[in-house]
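Shown below is the structure under consideration.
All chains are identified by letter, namely A, B, C and D, in their written order; residue positions are counted from 1 within each chain.
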Amino acid sequence: MITFCQFGAGRIGAIHAANIAAHPQASLKYVVDPVAEAAQNLADRHGAQVATMETALADPEVNAVLIASSTDTHADFIEAAARAGKAILCEKPIDLDLERTKACLQVVEETGTLLALGFNRRHDPNFRQIRDAMLDGKIGKTEMVQITSRDPSPPPAEYVARSGGLFRDMMIHDLDMAQWLLGEKPVEVFATASCLVDPAIGEAGDVDTALVTLKTASGKLAQISNSRRAAYGYDQRVEAFGEKGMLRAENVRPTTVELMTDDGATTDKPLYFFLERYEAAYRAELDDFVTALTDKRTPLAIGRDGLIALELAEAALESCKTGKAVRL
Amino acid sequence: MITFCQFGAGRIGAIHAANIAAHPQASLKYVVDPVAEAAQNLADRHGAQVATMETALADPEVNAVLIASSTDTHADFIEAAARAGKAILCEKPIDLDLERTKACLQVVEETGTLLALGFNRRHDPNFRQIRDAMLDGKIGKTEMVQITSRDPSPPPAEYVARSGGLFRDMMIHDLDMAQWLLGEKPVEVFATASCLVDPAIGEAGDVDTALVTLKTASGKLAQISNSRRAAYGYDQRVEAFGEKGMLRAENVRPTTVELMTDDGATTDKPLYFFLERYEAAYRAELDDFVTALTDKRTPLAIGRDGLIALELAEAALESCKTGKAVRL
Amino acid sequence: MITFCQFGAGRIGAIHAANIAAHPQASLKYVVDPVAEAAQNLADRHGAQVATMETALADPEVNAVLIASSTDTHADFIEAAARAGKAILCEKPIDLDLERTKACLQVVEETGTLLALGFNRRHDPNFRQIRDAMLDGKIGKTEMVQITSRDPSPPPAEYVARSGGLFRDMMIHDLDMAQWLLGEKPVEVFATASCLVDPAIGEAGDVDTALVTLKTASGKLAQISNSRRAAYGYDQRVEAFGEKGMLRAENVRPTTVELMTDDGATTDKPLYFFLERYEAAYRAELDDFVTALTDKRTPLAIGRDGLIALELAEAALESCKTGKAVRL
Amino acid sequence: MITFCQFGAGRIGAIHAANIAAHPQASLKYVVDPVAEAAQNLADRHGAQVATMETALADPEVNAVLIASSTDTHADFIEAAARAGKAILCEKPIDLDLERTKACLQVVEETGTLLALGFNRRHDPNFRQIRDAMLDGKIGKTEMVQITSRDPSPPPAEYVARSGGLFRDMMIHDLDMAQWLLGEKPVEVFATASCLVDPAIGEAGDVDTALVTLKTASGKLAQISNSRRAAYGYDQRVEAFGEKGMLRAENVRPTTVELMTDDGATTDKPLYFFLERYEAAYRAELDDFVTALTDKRTPLAIGRDGLIALELAEAALESCKTGKAVRL
């Protein structure tokens, strides 16, 4: 049985806490959050207690921490939990700053802690099946990966300002997906971007529409297409191309119903929101972490993956400014 | 808050108990089952108590009973619960015998009890969306309904012997779906059937492959196709045709992944088992019952629907024997 | 080289004449039609001559006749061509009358003539692929066949009056498809029908909406669904179910384009008209006939198939009136 | 009636000649080809004559020339035809050399000739429908275009050597498609490429796998993905994304048949070859040219489009070498 302390009682924290509570090998003992009421509500819902970080980490019964607090607290909580000898499942990113990320991972390494990173999309049943089929040789040698990733609607400009920008905040998921599916770290990054959706995003110094091209040392290629707004919902598709064929995952739709009239044939648009689309992924992510601990194996995404993705995001940002491909 | 006593701690009982426990307006107080260990395990899992029927029905805190016990106990439990003034959600069927069913519904009527019937497929998001779109006029006046319903694999012959046979046990779901979508009670039933899947089913006096045709007083038509075995999984499709168009629901597949190679393009087959396919439907069914109670409205399927479906099943059985359409 | 005389210069005749002219092993020498202008136009378009039946059949260069004239002339032309020793490709039906059909086939048999019948749907690439896959054992032993066949819009009531009615005129295609895919002649027919689309059709003594159930001696089953009107176009689908799986052919749509907006995802509706939908089928039918002649093999559909389909249509009509399954 | 002289009697020439012969407003008078036998065969098939360029261009009855000869003869034939006052439909490219292309277009402009260019994909019913829906405002303001274009199998290395390379020979179609759909000329081009399919292609100095990113002055973006080999056939997909939604065209498959077994659900792979996939496009291209002449309007693709596409290909080639985005 893995006993958890959870940091963060917000929207995504509520998802994780419910998944811990529902998992047969896990239980939630503590909730830590500066907003006392949120912490208490979430703790009550799952029979847990509110605590300070210090109390929670000092409890020898706690084996694991789940970090779902605000981004700027991730690295500190990781270091504290690592030093307390707790296994960690942390929402991405470790930190928006590359040096802070490296320092944090240094602590993780020194303490020998297990740090799983919440790249939830790796756990999506569709993308997971693509990866498994690739490992199974279904398309032979991988040659290209295409990722389409578009949010249903843009965030408020004030969020944009402190988000780290599209590349660090949004595309980082796709950069991780790309390197995961390529099975090889990209060494060359080209990016171009525009502000086409909302001028306020441009005024906040960010972009809302972006394309990235990646190349690995052996010549494998990847393309990513991002937009902060898709009128038809959350557009999350992946395609892998290899010598023997192609694998692709379509969007997920709420029903399979088709209406056929004189006006054409109409089906549902994709699921609108990431919590619906990745509901199964969040459950699988928690399960992967728990069984990694019980079976003493490596989780699907670890701290180093977060570092690689952030380096790729930084490179994309630089390429966008210089108009040149950036070599890593 | 609706407080439940549940009868039955088997496979389907476990589903219902978990849904009650997870529902924000419901709680599970008692589990009743002749198999003491099963009752205890299920009660423990959800913080409920094991009890006898008498104790549970005598508790004024209990507002509702969920009957998921063996088919031959349904009518007795319904009557006992009705007389105790509890609202009832009962798995289909009320009883395999038409007269017993009528007698039971008589008690329900006299006591003024609310009896919801577990025709889970009405709650499937796909079929529900078809029904809603029909009520919304999307295909105009309904003219034909087609239902394809095939189990992944045949039951053991010993189950067949006591099941009431394909028409009462399996097709009853489709007969209910047909009359629900037609929006009008069928008055003419024709059936034909074969034993093509497993000779042991034929030896047990039943069929495993059957087609039924229904006609309503206004001339609307419906077709049902049943098989006890589909090599590719649980085949559950519905199509409604009207003056302005057609609505249809395809099977549900576990992922959207497509593999394209020199051998063709391959996707997942349908979900294999009814517990997976109708997982959301069982949740919606419980929610429909709970909100029917709290909002004082009629649930999506009630006792009378069970009677109509059983009458249609009896008529199909007779038609099958006589080679004539049976008029109701 | 097969040299053709064609009877009939109407809409369907124009299709056949163009296919003969375009076929590398065929040429069109004569066009015969009582409407002189139509005959001349069609002959001119393909470098053929207008002739009387007598002249054309007397020409030893003519190997084959294609009969695309009005239904009531088919049997006479077949007999004349058979007696002249010409191979025959005749549009369905041979005749609307069962006795006349049998008498005509008697002549065909006595003369040893090859009579191919224009059941064009057998040549549709989709349905042909289903049949081939069945023969190839892809679904194992066949158990059920489902055919959906709906015209885009009802014919004028005056056509209905002389058409022989829905069963002989429209469903005959589906009855042929059913027996072809079942691979076994049905011995039991049940039919039910309504007039839901156009009251004028009912006043003309016909129905516009019909369901038929077929059963073979070995217990295989088939269902057919017909409507004279589908708001979304020409609905032509086939499904074959067997011990190892299912084969199905969807409608054909003009493009693969999908528009996805806030209102849902929209694709094309099916091709609207039989000439578009079965364009490739008519070409394949002609080619099958020509290569049957050059390779001395049996065409995909022959005279006897027309008789079987007509017998099934007559049985359906009788079942519809009596409410009983009719045994053949 | 438009009377044609056709240059080139090879594989693609045979397609064009047949389309001319079948078009009600066109006729084929001359075939010109250095290979006498090929010219004679093609001329015979359509009742045309073999001629020299001089004779054909001197014939005042000839209104139009169709150039389907080898690439290195295009520019010369265009100039000769332009000077003879004939309208021209020329297979792409005008020339592989940018300066030669410009000089040729100069002659076209001076003579006031109509020069339509054979960018056949613009005439594909799927892509055409996307373009029409965009012009019709279905997705609002265009923001991104994604083009997937993969050949079924790589050309022989000796072809590669004289083809002008992947960017000029293959991607030029996609560059044209991108600028056509964007509705705005790209001003920035980034390309990266690998040799992953066949080392012989690399030895011939070319690449076989390439990604290109385009940006217009207003910030619209496009991505292209090319491979010289797709194990599953000819992969030709287009997607356009805008403020109100997305339009996409899937591959075209030979049938709609799906086989569902215990192994999954299998459908046809895409049409394998460009002559099958773009059969309708070639017919529409000829029709567009003929009606442009008879109705005195501009064809869908003209000489200048070929220049733009070639400039984009040159820029892609340069970007590939330098690792920098090239500005036009």
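As a working rule, a residue touches a chain if its C-beta (ideal position, glycine included) is under 8 Å from a C-beta of that chain, and two chains touch if they have at least 3 such contacts.
Fair warning: this is a prediction, and the values are worked out from it, not measured in the lab.
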Length of the shortest touching-chain route, subunit B through to subunit C: 1
Winner on C-beta contact pairs when B-D is weighed against C-D: C-D
Farthest chain relative to subunit C (centres taken as mean CA coordinates): A
Distance from subunit D to subunit B - Cα centre to Cα centre, in angstrom: 57
Inter-centroid spacing, subunit D versus subunit C (mean Cα positions, whole Å): 40
Per-residue overlap in subunit C, given as positions that touch at least 2 other chains: 139, 231-232, 244-246, 260-262
Sites on subunit B touched by subunit C in the complex: 139-141, 143-144, 146, 148, 150, 188, 190, 192-197, 209-211, 213, 215, 219-221, 223, 225, 227, 229-232, 235, 241, 243-246, 323-325
List of subunit D residues in touch with subunit B within their complex: 231-232, 253, 260-270
In the complex with subunit C, residue positions of subunit D that touch it: 125-126, 129-130, 133, 138-139, 244-252, 254-262
